[in-house]
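Look for chain A in each of the two complexes below; its partner is chain B in the first and chain C in the second.
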Partner chain A sequence: MDVAVQIIASGLTLGAMYAVSTVGLALVYGALNMLNMSHGALLALGGYVCFYAMTTLGLPAVLGMALAMAVCAAAGALIYHLAARPMLRAGNFETRIFIATIGIAVVIENAILRLFGPQPVAQPLKLPGAAILDGVHVPYQNMFILAVAVVMMGGVAFLLNRTKTGRAIRATAQNRDAAQLMGIRVGRVYAQVLAISGALAAVAGILVSSLSGLLPNMGGDPMLKAFVICVVAGLGNVYGAVAAAVALGILESVIQYLLGVQYSFAILLLIVIAVLIWKPSGLFGKQQVVRL
Partner chain B sequence: MDRTLAKPNVITGRRNFLKGAAALGGSAAVLAAVNDGARAAGDPIPVGQAAPLTDFAAADGVEFRNGLTLACEEINALGGILGRPLEPHFEDTKQMGDATNVQAVQRLIDRHSVHAVINGYNIGSGAAIQDVIADSGIIYVHYDTTIGHNNLIKADPKRYYGSFQGDPAEVWYGEGLLKFLKDQEAAGSFKRENNKIAVILSAGVYATNIANAIKDTAADYGWEISLFETVNVPISEWGPTLAKIRQDPPAVIAVTHFLPADLAQFMVQFVTNPTQSLIYMQYGPSIPAFRDIGKEATNGVLYATVVGALQDEIGTAFETRYKDKYGANAGHNSGAQPYDGCYVWATAAALAGGSGEPGDDEQNRIVASRMRSLIWRGVTGTTRFIADENTAYSYPTQTRDSSLGMPHQFLQIQDHNKGGLLVAPEPYSTSSFMTPPWMKG
Partner chain C sequence: MTPLLDIAGLSSGYGHQVVIRELSLQVEEGRLVALIGPNGHGKSTLLRTLSGLVRCRGGSIGFAGQPIDRLRPDEIVKAGVVHIPQGDLLFPEMTVLENLRMGAYLLRDGGEEAKRLAEVFGLLPKLEERYDQTASTLSGGERRMVGIGRGLMAGGRLMMFDEPSLGLAPIVIDQIYAVLEKLRQAGRTILVVEENAMRIAEMADEMHLLDNGEFAWSGSGEAFLSHPEIMATYLGG
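And now, the complex of A and B:
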């Protein structure tokens, strides 16, 4: 029994980490049809800003997280103004911005390397203690990450479905030209979405680094997993992405126990291939252009 | 080559000059003596390094650069190589694939005409750099810690005369661990609960070779492998692996995966429900982040390195100089590798009458010959190369004489607020092995 609890607890932890990393990426793709390859670097930036705020500036955890969200939101808006905006009217926007954001990621990672150095450091924002479930220790931090993933998903759902900004985002996602004709300032919507995604990336970076530690390239692995999950869920589907993240986390944990850790990622990729053959637009994706 | 000698302008007077060299520790006085009071004022000798200055191994790459820079500065203060100062140049190897490594080394040769390449490690390095070195006729010292180097040189020692591995191959980690356990059992400081060893490794030549070395030699020391689990990198959730360990508890858990944050998470998750197992890890615990993340959970962890700065008079003096220059958090153990490598090469070159530029095979063959005949006492212990393998001997597994091999150091974290204490081998150890807090005494 304790083995089963251990596997589920590990699976939920993995799923929660994947989910928090995925929400921002899925939001940007859903709203802007833009695969933001600098999302992983924004994760790292958020983690480091929180670290700096708490250790050097001596700010409390809440302010540290708020500052990280503000900085990453600004970075997201900057990505729009410097890279996305000049390319919007050009052909092959998706391909161009994909490549451009790879370059932005390299710049951000190297800036972090210069500013904070190459040595790994521990993230100070962490909940101490653990609950004991059937003899298995489940750290509060892991539960916190899962809760934050659900809150992030709920927050994004609220934003998209219940606010004026959300309506503008959905309208832009459905048809950019039509939205513009209806008086929506499409450029501002793009900037807003990238800023929101940046803030979400900051939260994800802080939470992931609370388990994995801070390194300038720490966003690479979560970014890869987030991308896989986005593809499985259907690119751009925020709710599907969170559900897929948790499901894949548990599946990965079961595979690790039954078959061995080395097979888990390979099998996950096989599942992705199978899903794409069965449902090319992903488990929760739709064939038409409408996303979110 | 300008070999005009002049009075030293850094350390004045012969007595102070030699006194200064002695203060640097190790065999630096040999270089000072050969330089015979020369002032490093001639044409600079370019020396190169191809290191992972960015990407996932940047933490070590930056220290490799620091180590070579410090060595060059000190050697120049001792008169350089027969009056010619060393001038370091660096190229980034990023993720350390051989395609990148070879380009980086080639650039050092083409752009800067380096006489030697003194690296730390490049994990993805196979035999490609050695070929570039052989073709250009210069000297190469690296710390890739791979048996592949030994096999390559052995296959064609004439072609690869100039390539040296400054530390022992990784395979010595395997038998070294088993010998360490045997010694601890003999001393009564460790008693095995059973004969099982669980080996956890990550995909990659380095971690795999060490794990295989443990597996291949275990039976000779009365051990059996109960678990041989490969993990993906990075890994922060160890639940499924720990569940297997807890179902069949081994006497020893050997983790050859080396990323500090991953290893810290292993300990955090292990100590919540520990088995009566001694835990041995690779490299990661030597990085402060391991203790910062794992905190109390890291107390008792044993780890080893076949190359690192010793905690003796010479090693601690180096650590002080290094941290004074690069900051309290600088990783002097990584910097120690190219630091010692540069001294070995520079001393051999001075003994050979100078170093050779690219294409000067004749001179560099003499330099290589001097390197092979040197017994160099540096900050990492003794560097002595195996003939026709150009790789350092390992002490005490490969040679039983501590003055003839590089010590395979076993360290243990006994207080997570401090670095690991050197518990073996003699005569270098500074502390005794402590039963880990999760194990019954």
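And now, the complex of A and C:
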């Protein structure tokens, strides 16, 4: 029983972090058909901005997070205006933007490396202590991660379903031409989606680094997992991505408990391959259709 | 009187392909103007160029006295040009009601939106029955009605219909034409692209036959009906 609580607690924490980073990726793919390979670099950027704000600037944690979200949102909007927008007019957008965002990731990661150096640093945003549930230690930090993730997911759901901006995003994702004929300025929607995705990446980066520390290339692993989760859920499906993230988080911690850490990623990939053989367009995906 | 829509020397196309060549057309307020002609000769491209989805290559488009040929699609909608596209282009994961409300996206007045929704439900009662159904699960005829209802929600001084009867059962075509007739009687300005030339000729004030990117024949609906040789020459009987 104690073990089960422990596994669920750590699995939910993992799933929560995966969900925040995956939703950003899924939103952008759903709206623009753009696989943003610089998403991982934005995670790192967010983590470092929070670190810088809390240490060098001496700001409180809340402001550190807010600043990180603002900087990454601006970076996302900048990626739209400098890379995506000029490429949208030319053909073969999906391949071009895929390659371009790999380049952007290199630029961001090297800028971080230049500014903060290659040595790992600790994320100052940390809650010490732990709650004792049924005789099991559950660190406050894990609860904090879960709470932040729930707030973020709630925020995204509210935005998509209850606001005019969200309606415009969903309309653009479901049919770009029709959205334009309704009077939606799709260029602005695209910039907004990348900004939202950037802000989510910042939060994900802060959460991940609060457990494992900051490194310029720290975004690589969560980005890879976010991509895997997106594929399992069906690319571009936001709600499916959240469900798949939580499921894979719990699965990962079960495998880690039963077999050890070294097997978790390999088995995760095996399961992904099995899912894709069974359902090639993902668990919640529809054939060749990308929608929010 | 200056026409509501004034197209002069318009050229348009995709990539290297020129689909429309120096086309001129005026649509006066309150008229129903029909564009007919064989498939693939630029009728849809003309509408897509007017609504800004396709950039024009040359010439000019004036609407209500203002040039609109350099505007973005959302600005053209704002100016009052509503395009009900071919193939419906619904938002598949939204319900009927959500789709209709998207038509009123630019409207800031909730009362006006409710009024228009009541009008649409009055014209197309089927939509009220199906209001909570997801668009992708509708039949072809119902989808067409949603597309038209969504366009009506947008209002607009000029309504452009692209093939409103294409691929529908005769009974649904009758319903769609009844809506067009009511809009015409209400004095709305309508530009309609139609494959079914005989049918639209019965209500059109003006007809233009588009062949190979140019107008091959223009005249009234009655004139078209009394010249069956036009039909035989261009539309294969």
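Some notes on this structure:
Definition applied: the second predicted complex is superposed on the first by the 290 of 292 C-alpha atoms of A that agree within 3 Å, B and C clash if a C-alpha of one lies under 4 Å from a C-alpha of the other, contacts with A are read in each partner's own complex, and residues count from 1 in each chain.
Keep in mind that, in the parts below, contacts are C-beta pairs under 8 Å (C-beta built on N, C-alpha and C of every residue); 3 or more make two chains touch, one makes a residue touch a chain.
As the structure is a computational prediction, the values presented were derived from the model and not from experiment.
Using the contact criterion defined above for the overlaid structures, shared-chain residue A:P280 touches neither chain B nor chain C, since it reaches no partner. Once chain A of one complex is fitted onto chain A of the other, the partner contacts of A:L14 are limited to chain B, with no touch recorded for chain C. With both structures placed on the common chain, the touch criterion links A:F265 to chain B but leaves chain C unconnected. Here chain B and chain C are compared by how many residues of chain A each touches, and B touches more.
Legend: residue contacts after superposition of the two complexes on their common chain; A:L181 is shown touching chain C, with no touch to chain B. In the superposed model, A:A171 makes contact with chain C only, not with chain B. Residues 51-53, 72-74, 77-78, 82-83, 85, 89-94, 98, 101-103, 105-106, 150, 154 of chain C are the ones that touch chain A when the two sit in their complex. Interface of chain B with chain A (complex): residues 54-56, 58-62, 203, 229-232, 234-244, 247, 260-262, 264-265, 268-269, 272-273, 287-289, 292-293, 329, 331. Contact residues of chain A toward chain C in the complex are 164, 167-168, 170-171, 174-175, 177-187, 289, 291-292.
Contacts from chain A toward chain B in the complex involve residues 3, 6-7, 9-10, 13-14, 17, 109-110, 113, 117-122, 130, 135-137, 139, 211-213, 215-217, 221, 253-254, 256-257, 260-262, 264-265.
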